[in-house]
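What follows is a set of structures for review.
Look for subunit A in each of the two complexes below; its partner is subunit B in the first and subunit C in the second.
Right, the complex of A and B next:
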């Protein structure tokens, strides 16, 4: 074996090992969440609010409700902005302003979540004079819009130009080409993008710290402080009580499950798009 | 005839409404960045007038005496960010090369899925795992290392496990899926003819990677790493949970510290005086400006890398 082939083999082993390490780390993390999470799961955990201080038992139903409400309202606010911005950038491809918009969307995706939290506090909470779930949703919408815009643009760019040209040749106006041809062709791609974005914001904690603030009660009113799973995990994990730390693991298990479901749904939809195209 | 012009007008209105909606959303996106900056700038005024630019290089952060300065947090941010990048980059390169050149489709696809899975886990989950699994391990390592070099000060300063080192290790794991998939993306666009040419000349697989592929993707790899660095610098919850909320300038990696992000997350709800609040907002302002600059720079580098 020459030095070159020896080196070739060694490097091949090394790159395979780094891939193996990544899988191992992921497996260890998921294993801990599964084992520690499932141990304290029970029916109360899903259906009850936290027990009063000092009492055992209780659950995170308040946080589950909060996560769903806050995430859906954030998506409802962010979706139109994200989709229309994506359409704009895709339709004006190559133009200077569209490039700037894309760059801004990319830059916004890189804004740390805690900065969004502070912004939400100074811009919304101070103005409303109260912590509220709605301010959390608006803060999360600021994370939702850029991701949705980028995904929408990318999916729209995949729509075959022949399809659009055919519609134009039939005398369709630009808006109806976008609506009836591009959006319809790209619908499942955009939907899966929306689900991915929702999975992302559903797991965010930092934007909620100073906006939703958290609550020990089952709260349905968006104008009041509300809990959410990530928030509850953070608060329980940092508490000195083992019973609460155990609940943090179980809440983590539930949150990961929820995010996996959203991601699995998104992946499934993507697979369907690809099949339609092929 | 009247019927027709009526429907024409409706179509025209729809047309205008449609392009107005697109333009509004596009402008809103750009305006968001301006809005963030202005909002953070205005609300941090008390801190800016009290400390001026010296906020950036003085190192005392003391809520009791109302002295605030960002240097310990800036140092903590840079140390953890670059530390994590340093550790995770070789692995990221290895994973990307493995997926691009070694793994067949049947192996590569599931691994890519797992990378996406790891990258999609929320920060607070990493924090939870870090706090209860990684930190105890780091603590053991610190005791072992302290005894090894015989430094009692070292052992005394950090045997709890929380601190910069734990944050660096956790961040290294967290940015790995991000950087490896970005690098993989650029490796996949290396033209097959270039690789085949080298292989035809008798180069081994690794020769080809080393002398054809890696030089080809140099620029976009730098872009990918800068982008990952941006991620690490702004990462909040996981770091907050393992870094120890130390306000002094850290001297060793075992010391508890703070990043800009973790200082805000740890202290904002405790901040009672207006000056304290404004100083924390100014930390957010610094972080925001750093993040925007890094992200735009990385995108520009990436775009150039692709064009070339």
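Right, the complex of A and C next:
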């Protein structure tokens, strides 16, 4: 074997091994969560609130409800801001203010979630004198907006300029071009961006510690303390009771499933629906 | 209309509906939710009591096991209705709060010292030895000073892993106050407080975290509220009390530590009390709330809900203490607690 082919083989092996490692890490994590989590899943787990400390039984229905409510409200608050900001930046490409907006979105994306949590505590919880799910949603919306804005912008940038020019040539107004041409073309991309952002905030723990507070009761009121799956996992995993540690794995399994569904399932499903209709 | 619009509108409307229905539910109705936060020392009891209270009244008392120090902070920020602490507020603490507070005892508990050794031997220790272990002075389990108190136990030659709390903890406060009061070296070198400078060991947060850590770490020693020790089947150490007897924590040995001549303000210490049956590290745990509840636009209904809950905790709710290894308040203390609670007011008018 020549030196050159040897080098080629070694490098090829390294590259393949790294790629393999990436898959292996994900596979190990998913496999472990699956194996540890599925064992303790039962009907009570999905339908009941936690049992008092040290007693067996109970479930995480309170946290499942909380995760859904907090995430959806965060998405509802963040979606218009994120999409509008994305449209703005995309439509004003190359302009100074648009660049500043893009820079700020990137910076906001990089703010550690624990900082968002302290921010939520100081400006929402302390101001309104109570822990609430709504303040958690608002804090999460701060994480939701920049990712949505960036994804929207990038997807809109991919819309062929020829399409837009054709619309303009037909006498369409700029607003009409944005809504009926750009957004329609980019719809599936934007939707999957929304889903990815939602999946991201659904898994956040730190902002919730300071805002949602956690609750052992099944709570539907956004103005009251509420639990969420990551919060419950955090508390259960550090508890001394084996039953709760097992429930932490099951809750982790449910959370991962939920996030994967949001990230991939919904994306493909929606993409297909949109394609069929278009 | 494009699909993305429809999709966005769906999310928006769904979210708004959730948000709005949530907001409307609170207007003008009786208060059905209370936020309490603090002590992990009393966490198992409060969770059980709040659960029972929910079954009884449908009031959701949410408990955040932050730590006693966390309770003070949250109380200062006025983000909770009631704080839970194992340590009486100092004058400096009270000065930081915007208004005067009521501090109401709810139950008595013990701090257990637990070890994780192969075979779970029944160990005995005294204050001087505890101090030496937690200062890192005694480094291995077969040290002569441990062997001297435990002649019958075969001690392994493994290092001692000291575990202590890393968060501002009422349990730490009780434990270090006991050591400072009974061991001069501890008093001089480390002192007492909710957060102290530990010369050695691994920091853990919350009583639950401590229980989990002792369970996982072979050769470890740590201190935690008695209920956690029992519920996680840890091995407690028998401590030498003031009368020279070695006593394990239990409801009886906690009760034996309460002196009959407790001062009216309950500020007397329950640590290292005389009496052969008395466990040496015993403490009250307390609820702290603002004396006048008409602050930040709070309603009289909320004050009434708080009054009802606390009076039940120091009343019928005491029946739940003993099954969880806490000692219920002695009758005399219960009366004092009730008269303290009766000072609760809303806009100057009594709630009672």
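We adopt the following convention: the second predicted complex is superposed on the first by the 266 of 278 C-alpha atoms of A that agree within 3 Å, B and C clash if a C-alpha of one lies under 4 Å from a C-alpha of the other, contacts with A are read in each partner's own complex, and residues count from 1 in each chain.
Assume a residue touches a chain if its C-beta (ideal position, glycine included) is under 8 Å from a C-beta of that chain, and two chains touch if they have at least 3 such contacts.
Not measured: the values here are computed from a predicted model.
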Can A:172 be said to touch subunit B (first), subunit C (second), both, or neither? neither
Contact-wise, after the overlay, does A:204 reach subunit B, subunit C, both or neither (first, second, both, neither)? first
Touching A:88, do we find subunit B (first), subunit C (second), both, or neither? first
Quick one: classify A:41 as touching subunit B (first), subunit C (second), both or neither. neither
Could you look at A:110 and tell me whether it touches subunit B, subunit C, both or neither (first, second, both, neither)? first
Is A:191 touching anything from subunit B or subunit C once the two structures are fitted on A? First, second, both or neither. second
Who does A:80 touch here: subunit B (first), subunit C (second), both, or neither? both
Name the chain, either subunit B or subunit C, that contacts more residues of subunit A. B
Check whether A:243 is in contact with subunit B, with subunit C, with both or with neither, and answer first, second, both or neither. neither
So the subunit A residues that subunit B and subunit C both touch are 80, 83, 179, 238
Within their complex, state which residues of subunit A touch subunit B. 4-5, 7-8, 11-12, 14-19, 21-23, 25-26, 28-29, 32-33, 36, 80-85, 87-89, 91, 97-98, 100-101, 103-115, 117-119, 121-123, 142, 145-146, 149, 173-175, 178-179, 199-200, 202-206, 209-210, 230, 233-234, 237-238, 245, 248-249, 252, 255-256, 259-260, 263, 267
In the complex, go through subunit C and note every residue touching subunit A. 2-5, 7-8, 11-12, 14-16, 18-19, 21-23, 25-26, 33, 35, 37, 43-44, 47-48, 50-51, 54, 60, 62-64, 77-80, 205-206, 208-209, 211-212, 215, 227-228, 231-232, 296, 324
For the complex, which residues does subunit B have touching subunit A? 11, 14-15, 18-19, 21-26, 28-30, 32-33, 35-36, 39-40, 43, 90-91, 93-95, 97-99, 101-103, 111, 113-118, 120-129, 131-133, 173, 176-177, 180, 204-207, 209, 227, 230-231, 233-237, 241, 261, 264-265, 268-269, 280-281, 284, 287-288, 291-292, 294-296, 299
Contact residues on subunit A for subunit C in the complex? 52-54, 69, 72-73, 75-77, 79-80, 83, 125-126, 129-131, 133-134, 179-180, 183-184, 186-187, 190-191, 194, 213-217, 219-225, 238-241, 270, 273-274, 277-278
